[in-house]
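Here the chain labels run A, B, C, D and E in written order, and each chain numbers its own residues starting at 1.
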Amino acid sequence: GSPQDTASGGGDAAPVKVGLVYSQSGPLASYGKQYIEGFKAGLDFATKGTGKVGDRKIEVTEADDAGDPAKAVSAAKDLIGKGTKIIAGSTSSGVALQVAPIAAQNKVLFVSGPAATDAVTGANKYTFRSGRQSWQDVVTAKSFIGDAAGKKVVVFAQDGAFGDANEAAVKAVIGGAGASVSSVRAPASATEFTPFASQIKAAKPDLLFVAWAGTTAGAMWQTLDQQGVLAATTVVTGLDIRASWPTFGAAGSKISFLSHYFDGASDTEAAKAAKAKIPGGTLDLFHPDGFAAAQMVVRAVQEGGDDVEKMVKALEGWEFEGVKGTMKIRAEDHALLQPMYQAKLTGSGTTFTATAQKTLTGDESAPPVAQMKG
Amino acid sequence: MVEPVLSVEGLSVRIAGLHILQGVSFEVAPTGVTVLLGRNGVGKTTTLRAIVGLTPRGGEVRGTVRMGARSLLARPTHRLVRGGLGYVPEDRCVFAGLTVAENLRLAERRGTTPAYDKVFALFPELDRRGRQRAGSLSGGQQQMLAIGRVLLNDNRLLLVDEPTKGLAPKVVTEVAEVLERVAESVPVLLVEQNLAVVRRLASDAVVLSAGRVAWTGDARELLLETALTKSLLGVGAAEVHS
Amino acid sequence: MLATRGLTWRIGEVAIVDSVYLDLQPGEFLGVIGPNGAGKTSLFNLITGLRRPTEGRLLLDGADVTTLPPHRRARLGLGRTFQASSVFGSLTVRENVRLAVQAHRGGSMKLWRRAAADRDVAAAADAALDRVGLHHRGTALAGTLAHGEKRKLEIALLLAGEPRVMLLDEPMAGVSAEDVPELVRVIKSLTGDSGRAVLMVEHHMDVILELADRIAVMHHGALLACDTPDTVMANATVQEAYLGEAL
Amino acid sequence: MTNSVVDAPPAQVPDELTPGRSRWHGLRPYLPLVALVVAAVLPYSTLNLPGIFEGPLNSPGTLQLLAICLVFGGLAAGYDLLFGRTGMLSFGHALYFAAGVYGTDVLVTKAGLPLWQAAVLTVLGGTTLAALLGAVALRTVGIAFAMVTLAFAQVGAILVARDFGGLTGGEEGLPLDVSGLPAALVGVTNTVNLYWLALAYLALVVLVVHRVSGSPTGRVLAGLRDDERRIGVLGLDPYRFKLVAFTLAGGLASAGGVVYVLIVGGASPHITSSELTLSLLVMVVLGGPGTRWGPVLGGILYMYLDHRLTAFGSSDAVNSLPAFLSHPLSQPLFVLGTVFILAVYFFPGGLASLRSRLTPLRRALTRRS
Amino acid sequence: MNTVVLLTLTGLGLAALYFLVASGLSLVFGLADVLNFAHGLFLGVGAYATWWAAGNLPGAGPDGLGFVVAVLFGVLAGSLVAVLVELVLIRPLYSRTIEQVLVTVGLSLAGVALLQATWGADPRTFPRPDWSRNVTSVLGAQVPNAGLLLIVAAVVVLGALLAFLRWTRYGLIIRAGVENREMVTALGIDVRKAFTLVFAIGGAAAALAGALGGVYFGTVSPGQGGSLLIFAFIVVVIGGMGSVVGSAYAAVAVGLLQQFVNYYGTSGLGDLCVVGLLAVVLLLRPQGLAGKVAHA
């Protein structure tokens, strides 16, 4: 043989290979589970139950990255080596950011999944996203305070890139609208939140924007509640997956949630189809991402066949009806414009219900256009 | 012939592929001191350790060892010791991190009164240094502690490995006297290089050579016969008595 | 050659080594005796630098070495054996001695040479092993040696370093009667040539008497006497505190 | 004593110091060379090993996996210089590896340096860092040393997570900007070059560790492992030798980082965690500390399992099992952990001891024939 | 003023949590000489068992006496697992410390993965009495009751461990056994029993920390033990291996330092300070604050 064989794409009737690299195990396994359920439902929906585009079957290969970019890169290279032209997945931002360049280097299509980092938008010509990004969260948060001018806003976020991105977005979005923005940051590993709660309280903000992910969230909310922060100001945060709702505890009803998605937030055709198809029949945060990814994959294959350049062309500017409603792939930077929600949480114990307060359209929550990098 | 307190038959020990003991057989008389002699490395320590069940991991022991009617091999060490088999190891093995008093306290057994009087009478030093860490004791002091630990309890047989090693002449004499007194009530199987001590204490002798028994018999007989001592121990009888 | 000037080591209030003045002449063999716990090993530790004295000074060839770390003192020609054998258990007997030879000859900080290729070191190591009669055990792991063999290996390690001042801590302890004369011969040969000085702790009085030019007696950390063997043996205190009645 | 936690490194005689004498005696020195050649021509093979690799040996996926395994084989061998050969239990070795990864990444991506400059600067920097931190940490011994090194590594991890000035990308990591890289190192079609690079790194580390262990210095290191006090009394400064070993191992680790960042195409904070050091320890023990090939094999096997178990967990074979089996088995870490435990019981002394454990068997067989 | 009170008391609560985790670790680490990376697993077992019991065990519940029963069940489960681990996995490996490390690392990976396989990766709400969610006003500061509960529990555990080590022979046996197991057997003592006991106690302490940690965090998740473990290790080492009192001092130092630096300094500085404290203490006093032997 030669020092290295790379399989090439098949002929006209050969199946289309699609690689899904996402977290089946590791800390984000439950996000990954929703994603794949959504993807399967979406594939079913977009191919009208046939699993085929024209005569060509969509052949999905799944790979587990366990949340580790190194494993994701290995899996992506493996798939690309076997002739896969479309890769989707990436549950975590770290994975998305490291797989995106691989797609560009090898000229394959990459549809990033739940990863929320803004940096995926405009990463390169071959990279798209099927989920929302941090910026859209923040724009939704802004909708809670009406006129921002003269208001005082505090961001409470974890150290690191996720926190940085949220802080920067708040400064740009809400600060740009005239509010004064300051931040309180805490290490992601923190277990005791009183010092931060005290700092927040001392700042007396009109709006507190909390960007916190991870298993300590319950303790964090309890502390904010106990120190009277929730009672003193409007607190906005993102609504995480359903399983995490009980961890808000008593704090849940005192928080204003911005939401990417929850069951019942929309009542589109796609949402109904998804509900019917997924195990359990209750939609959750990342089902729409998987669903949209499948829709985008089918569209790419329909219009592009085996030609990745054509796929890119077909997706750029495409508008479609997804689970959340009308979604639009912005041609300039591949941002996915989509509806976002304001939500309230009610209930107690282990049963909570979220209800939509307001829906922002894709244009209302649109992030600024990013410079396409490559 | 009196019933021996301990009988060893065809004891073989292999460690890491080395056949260290190759069928050692001997008996320990129910009174007095039986001494185990031999050059460095013939397997004296290995014999004692096999008897108390402390052959290193991976070692393989064959043969029989009985104390009265009981077979000892394959019984856990702590049972043997509680059954009255006292062992004073070669390298003393005092617990360096514990104090002298704690070392002694550890040797106490439930249900019996420890004979502190006896031990402190023999080794007043141990009483005085009760709070010192055993690791900082001098070599001789550690040896005293190691012997003292065993003497706290009543035993049916003592296995003592080179108790006088590194002791000042005066203390050697004292230890020898102690052992002599101990041997009045408990039989002792002793490994000893100091032939003067052997001469004073031993009634029976077993000589090992390269993992086998080269000679057994009356100790005095052995030490008086120049030819025997020369061939077995490499020293003339005259030197034994010097 | 070696001189201690009021060397003292206290732990709390207790003087373990109490103001010891000793002078060792080139070629001299000084025996050290004293009851267990008299402070002999501690004195050795002070001299070799494993412990820092609380008071006093140590001179080697007239130079003050009191604050030098152990390895610097060893470089100046101070070598010792340990009472509880401390050999490199996971190395073979031969490697043990080669290491000592190499440490002495310098060139240990050579990362890219093949150690085994150094025939001088190998030869010197074999010679040292020969001298203590351990040649046949060369390939055994030092950790598995019987006790007496470890004592011999200790001496071989010492020999390999060709020290000018040697401190022997109870070299005879646990050595079988048969081997004692042999070891005595080896130790005797240490001083014969080139004006080396030896300081030896030993409880076997016959060995001390045979070897030592002078005998120092320690008691409760202090130097009780330091004199010719005959004088020391005749000393009533020594008789009473150390020797006791012979067996 | 409490220090015995680190007294334990294995009673292995370094192969290098005691050349064996066997039937293969004349051939033995050439075996590594043969292995190297075989490994080098491996990408020309289209052999398919179903179940072991996803694709044929020369497929990019397989080569990528092998490249990662080889880097970790080298990393483990370098770590063994500290742990198995010198008896120093460092819990902070990941720091120097991470310094290599992030150093290269930042210099290439943020500072725009050409790769070779970034690599040289990074290895120099990593080595210097190891020398400086080692100089401080080596004032302690035993478990205290382990913890001080852990503390230093933890500082590194916190700094990376803090993402100062957006330099490291925090928890999202920093993708490597490949635009300035040699074309031969970019793209799936060039995975084979990364494989060869990793192989070269492994060969370098094995050569260095082998030469150093068999050198006069290696002899001193072996002595240090047994009795540090004795080394001092022989006239050698233990501190100096330990520092040399520590610095050398740190330098090798940061070189490994350079190779790794090229293979993976980016840095992520996983590699700064103390778990990585712990895995290095596991690799070495799994393979057989203080042996020439043990750590290498341990590192390769560990990484192989780490990567492949994710595929195993989602395979049909596992999914078809009853839930009480398939659930745990679909957790790669469950399988990995179980493998360690079983390895300890079934291969005490590590993979490297397999040979000696098989010797009696072989002898019995040859005798019979 | 009330910020200082608040930070002090919550800092002490944090310290109490660290101490609860560290005490078992320190006992096993210092006395049985096992660097037990599986300690986080015992913690997880304790937390999940309590969580399970409160929902499913008759007589147990999230409140009042039922809660006490649930916690007891959790502690029992933790110490049972610890005993099993000791008997099956650690016992054959005494005096082979490095292999023990390997086994406990393997166990921590496999155990956490098993918890995750059984109950999922997402945090579960922890059943807890209502009063534990409230605050008590101390000198104007709103101090969380869960923190106060931790402080009380830590003091009780400290007292109990000291009594165990001081008044029973086991402390002695264990310390001697660490040095030389063979010789302890040669004195007629079944040293294995003592070591099993240490594991049982260590496991119980860990499980209690897990259960009360659950109360404190309000949730349980598989990885919770692991993230606390690193600070517990730091506490154990700063305090001096095997010294329970040392761990207590160190836990207080670490907890307060973290809390105050996090408030007055910038984010992340608290962790850096703790790590710095560790390095400084070890460089000045390698044996840790409270010396090296297990002088209770």
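Some points to look at:
The rule is simple: a contact is a pair of C-beta atoms (placed from the backbone, for glycine too) under 8 Å apart; a residue touches a chain by one contact, two chains touch by 3 or more.
In UniProt terms, the chains line up like this: B, C = ABC transporter ATP-binding protein; D, E = Branched-chain amino acid ABC transporter permease.
Here the structure is a predicted model, which means the values were calculated and not measured.
Among the other chains, the CA centroid farthest from that of chain C is the one of A.
At the far end from chain B, in terms of centres built from Cα atoms, lies A. In whole angstrom, the spacing between the mean C-alpha positions of chain C and chain E is 49.
Our note on geometry: chain A versus chain D, Cα centroid distance of 36 Å, whole angstroms. As a whole-number value, the distance joining the C-alpha centres of chain A and chain C reads 74 Å.
Annotation: 45 Å between the Cα-based centres of chain B and chain E. Contacts with at least two other chains are made by residues 113, 116, 178-179, 268, 271, 292-293 of chain E.
For chain A, the set of residues touching two or more other chains reads 25, 159, 187.
Residues of chain E that touch chain D in their complex: 30, 33, 35, 37, 89, 92-93, 95-99, 101-103, 105-114, 116-118, 178-179, 230, 233-234, 237, 241-242, 268, 271-272, 275-276, 278-279, 282-283, 286-288, 292-293.
On the side of chain A, the complex with chain E involves touching residues 25-30, 159, 184-187, 189-192, 194-196, 198-199, 215-219, 222-223, 226-228, 241, 243-244, 246-247, 249-250, 350. Put simply, chain A touches chain D in their complex at residues 1-7, 24-25, 62-66, 68-71, 73-75, 77-82, 93-94, 97-98, 100-102, 105-106, 117, 119, 159-164, 187-188, 374. Per the touch definition, chain C reaches chain B in the complex via residues 11, 33-38, 41, 83-84, 144-149, 170, 173-179, 203, 205-206, 241-247.
By the touch criterion stated above, chain D contacts chain A in their complex at residues 43-46, 54-56, 58-65, 68, 158, 161-163, 166, 169-173, 175-176, 178-179, 186-189, 191-192, 264-266, 268-270, 307, 310-311, 313-314, 330-333.
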